[in-house]
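The following pair of complexes shares a single chain, subunit A, combined with subunit B in the former and subunit C in the latter.
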Partner chain A sequence: MSSPRSSARLTRNRLARVGFFFIGVVMFYAPFALLVRLAGWLWPSSLAGTGISDVHTACVRMPLGWLTQPWMWPTLSDNPISWLPIVVLPGIALVAGPLFCGWMCPAGAFPEFLGRLVPDRFKFDLRTSVRIRPSRYGFFAGFLLAPFVSSSICCSFCNFTHMQNIVSLFAGDLSGFAFLSSMGMLAAAVWIVPLGILTKGGRGWCLTLCPAGAAMGLASGLGQRLPWFARVRANSDACTSCGTCVRECPMRAVEPVEEGVVIDQHLCTSCMDCVAGCPSDALRYGRP
Partner chain B sequence: MTVERKAAMTSGQEAPMIAKRPSRVPGGSAATFACALAATGVAGLLSRVCPAGCATCSTCAVSVLPTAALVGSVGLAAVGSRLRRHGKPSPDASRKHAR
Partner chain C sequence: MRGRFSAILLGVAMAALVFALGAWGGSVSAGERGGFIMNFPATGTEVGGPSPRELTGRISVSLDAMGLPKRLIQPHVIEVASHVVRNVGDRPYRIRFETRDIDVPLEWHSRDKAWDPGTRVIRRDIAPGEAVDVGLSLTFPRPLPTRPVLVDGAIVIIDDRTGEELSVLPVIVAQTGEAVAGACCE
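And now, the complex of A and B:
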């Protein structure tokens, strides 16, 4: 069971994450979109220089879909900000874990922290009903292949857009209300309710349907065995099998085994909730 | 192994989180992957219903189709995953959970 010291540490970690998620809002979302504005200043002839400063210009999913569409490669090469989800974020995930997902993605954080207001007895555990990793990569493969049978499907279920509308509403831009009256509301409802606040951890959408998360998870999983890359690691000798990390992990990445726990690095976002909440200090973030 | 854990094992009591872990069978992951991939393909095909040819704006009724298929992919993945409940546990799983 968790101790007062570990509980306080966990609370501090979550408050820090909330702070970073607000930084993510300021970086990616209108009316701030500082990252897009910076990219527009650096590369005025790119999409970021068109003056459309919102999350669409720094989209972290469309460029992934463009990888399998040769006719979009010129767009990729002309827009350096498109390399963010293809090179920068997976590169960070390879070296240090998917820190963007765990610390900066507002679309992932919103249902997670909203879900903390809902008692656990109303929630279901995605891990016990779905094999998360093959489901996630199956969807990702379909996401990459879909343009060959139709158009890209990435925007038809975009929770980043819904998050942009929520931020816009709070910023006083009421045009987001028009969006809420459309059928796109279905995707928003699924993102927030069954795969959000009613899923243990609140990250059901991230676990199954987010292509950016899958790309970073793949990079994180590939880099887990390389000795110089940092990940959340478990020390089975110190583990008391109290189950705190299993309960607190938003991504359901901590798997109990006979010797203690193992971390599924394909799912872990290095949010450090398990490290902070472990009463026996059996988890740490670092190199092997 | 810790003192508490050893004590729990010797007294015949399993740690609660370990006791709840389900068994797995080979093929369940492949079935789940295939279900998710197939449902996403259906979502892609359904997006062609859009008269504008894109179905990416999420503002018309057509966008409900690919979204529904995507949600269905999670449901189908759950169906694929159920293999682990009804099948015979793999030797690896039996070894891990033989307690």
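And now, the complex of A and C:
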């Protein structure tokens, strides 16, 4: 059971995350897109310099798909901001866990926080329903290979586009809804409903269908083997097996075992909800 | 061992799901959205087509391929759009977009910062080899007209400085694939 102190800490952590997600909106999404504007100022002849500043210019999906498409490599080299999802974000994930997913990605946070309005009894638990890791990396492999059989889903099955449309809507711009495609509608429905508000934690899309999340999860999984990198870590001696961390983890990365809990670093986004919510301080974020 | 096998099987199934989704998306997209590439200055099949590997010299949308979600929610709006409108010439151009014989309400859009929606001009020089993006949404009356070919027109790129026509890409929107090919309904 959680204590008043840990409950307050968890609430503070969530509020801090909401704050960071708004920073994510300001950094990546039109009408703000400050990071894209900065890239446009630094590299005026690149896409960030000539194109509209919105989430598509700093897309964290397309460059991953381009990696397996040699005909797109010139575009990668011409646009330094394309290296964000290939080098910068996985690099951060390797060293400190996928902090972008847990703290800065509004497209991941939106269904997570929206899902808090739906009682848990209406939700299913992905962790107990399906083996998440093979699903996630299988989908990622398909994402990388699909362009070879002309069936890329990179842009057509994208939740970031819908998040941009939602942000634009609040800014009074409805143009994102002027044309709707079947794939786009399917992606929006899957992102928000079955893999959003009806999934415990609200992060079903992140766990299974997000290529950027998979790339960062892979980097984080690799980094866990290296002793000097920070991760959320469990101390089984202090654990009372109360189940708070298992319940509160949006990514379903905490698994109960006989001697406490284990954290799947391929899934954990270092959001710290478990660390904040643990009443016995059995979880911490740091080096081993 | 059995666990590892089932994990691999699940991974392969998810990869197959991507291919299946992509194949479905591709097939319904032919009835919802005319994605294209366009070159300028160019003539004949070099003008463009559905993709760099398919320079057919025209773009077409056959509404019978439209997916069920689109058919239910927004069947009367289709999009014709390109990320690759490329200057294949040897000098920079400032270009303007026009349509020809497209008599349904339409709306142009571009992600280029220099795009002027009022004049449909990209107000900067596009260097040789450089590409820009452009798209237009076509809104048909509801219910859709019953004639076999709804649009038989073209997208035209014009040199904004000289008025010279640089490239003309025919656009056909029809009820069926046969009508696109001109093989029925005459």
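Simple rule for what comes next: the second predicted complex is superposed on the first by the 280 of 288 C-alpha atoms of A that agree within 3 Å, B and C clash if a C-alpha of one lies under 4 Å from a C-alpha of the other, contacts with A are read in each partner's own complex, and residues count from 1 in each chain.
The rule is simple: a contact is a pair of C-beta atoms (placed from the backbone, for glycine too) under 8 Å apart; a residue touches a chain by one contact, two chains touch by 3 or more.
Just so you know, these numbers come straight off a predicted model, no measurement behind them.
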Subunit B and subunit C placed together on subunit A: clash or fit? clash
Comparing subunit B and subunit C in the superposed model, the one touching more of subunit A is B
Review point. Should A:L169 be classified as contacting the first partner (subunit B), the second (subunit C), both, or neither?
Key: neither
Quick one: is A:F139 in contact with subunit B, with subunit C, with both, or with neither? Answer first, second, both or neither.
both
### Partner chain(s) touched by A:F157 [first = subunit B, second = subunit C, both, neither]
both
Between subunit B (first) and subunit C (second), which, if any, makes contact with A:L67: first, second, both or neither?
-> neither
Name the contact category of A:V118: first (subunit B only), second (subunit C only), both, or neither. neither
Margin query: Which partner chains sit in contact with A:G51 here, subunit B, subunit C, both or neither? Use first/second/both/neither.
Written below: second
**Asked** Of the partners subunit B and subunit C, which touch A:V246 in the superposed model: first, second, both, neither?
**Response** first
Contacts of subunit A common to subunit B and subunit C in the A-superposed view 130-131, 133-139, 141-143, 145-146, 149-153, 156-157, 179, 182-183, 186, 208
The answer for subunit B against subunit A in the complex is residues 1-2, 4-5, 8, 15-18, 20-22, 28-30, 32-41, 43-45, 47-48, 50, 53-64, 66-68, 70-71, 73-74, 77-78, 80-81, 84, 96-97, 99
Within their complex, subunit A touches subunit C through residues 49-52, 54, 56-57, 71, 130-131, 133-139, 141-143, 145-146, 149-153, 156-157, 175, 178-183, 185-186, 208
The residues of subunit A that touch subunit B in their complex are 128-131, 133-139, 141-143, 145-147, 149-158, 161, 179, 182-184, 186-187, 190, 195, 204, 208-209, 236-241, 243, 246, 255-259, 280
Contacts from subunit C onto subunit A in the complex sit at residues 6-8, 10-19, 21-26, 28-29, 32-33, 52, 66-70, 73-74, 77-79, 107, 109, 111-114, 124, 132-133, 137
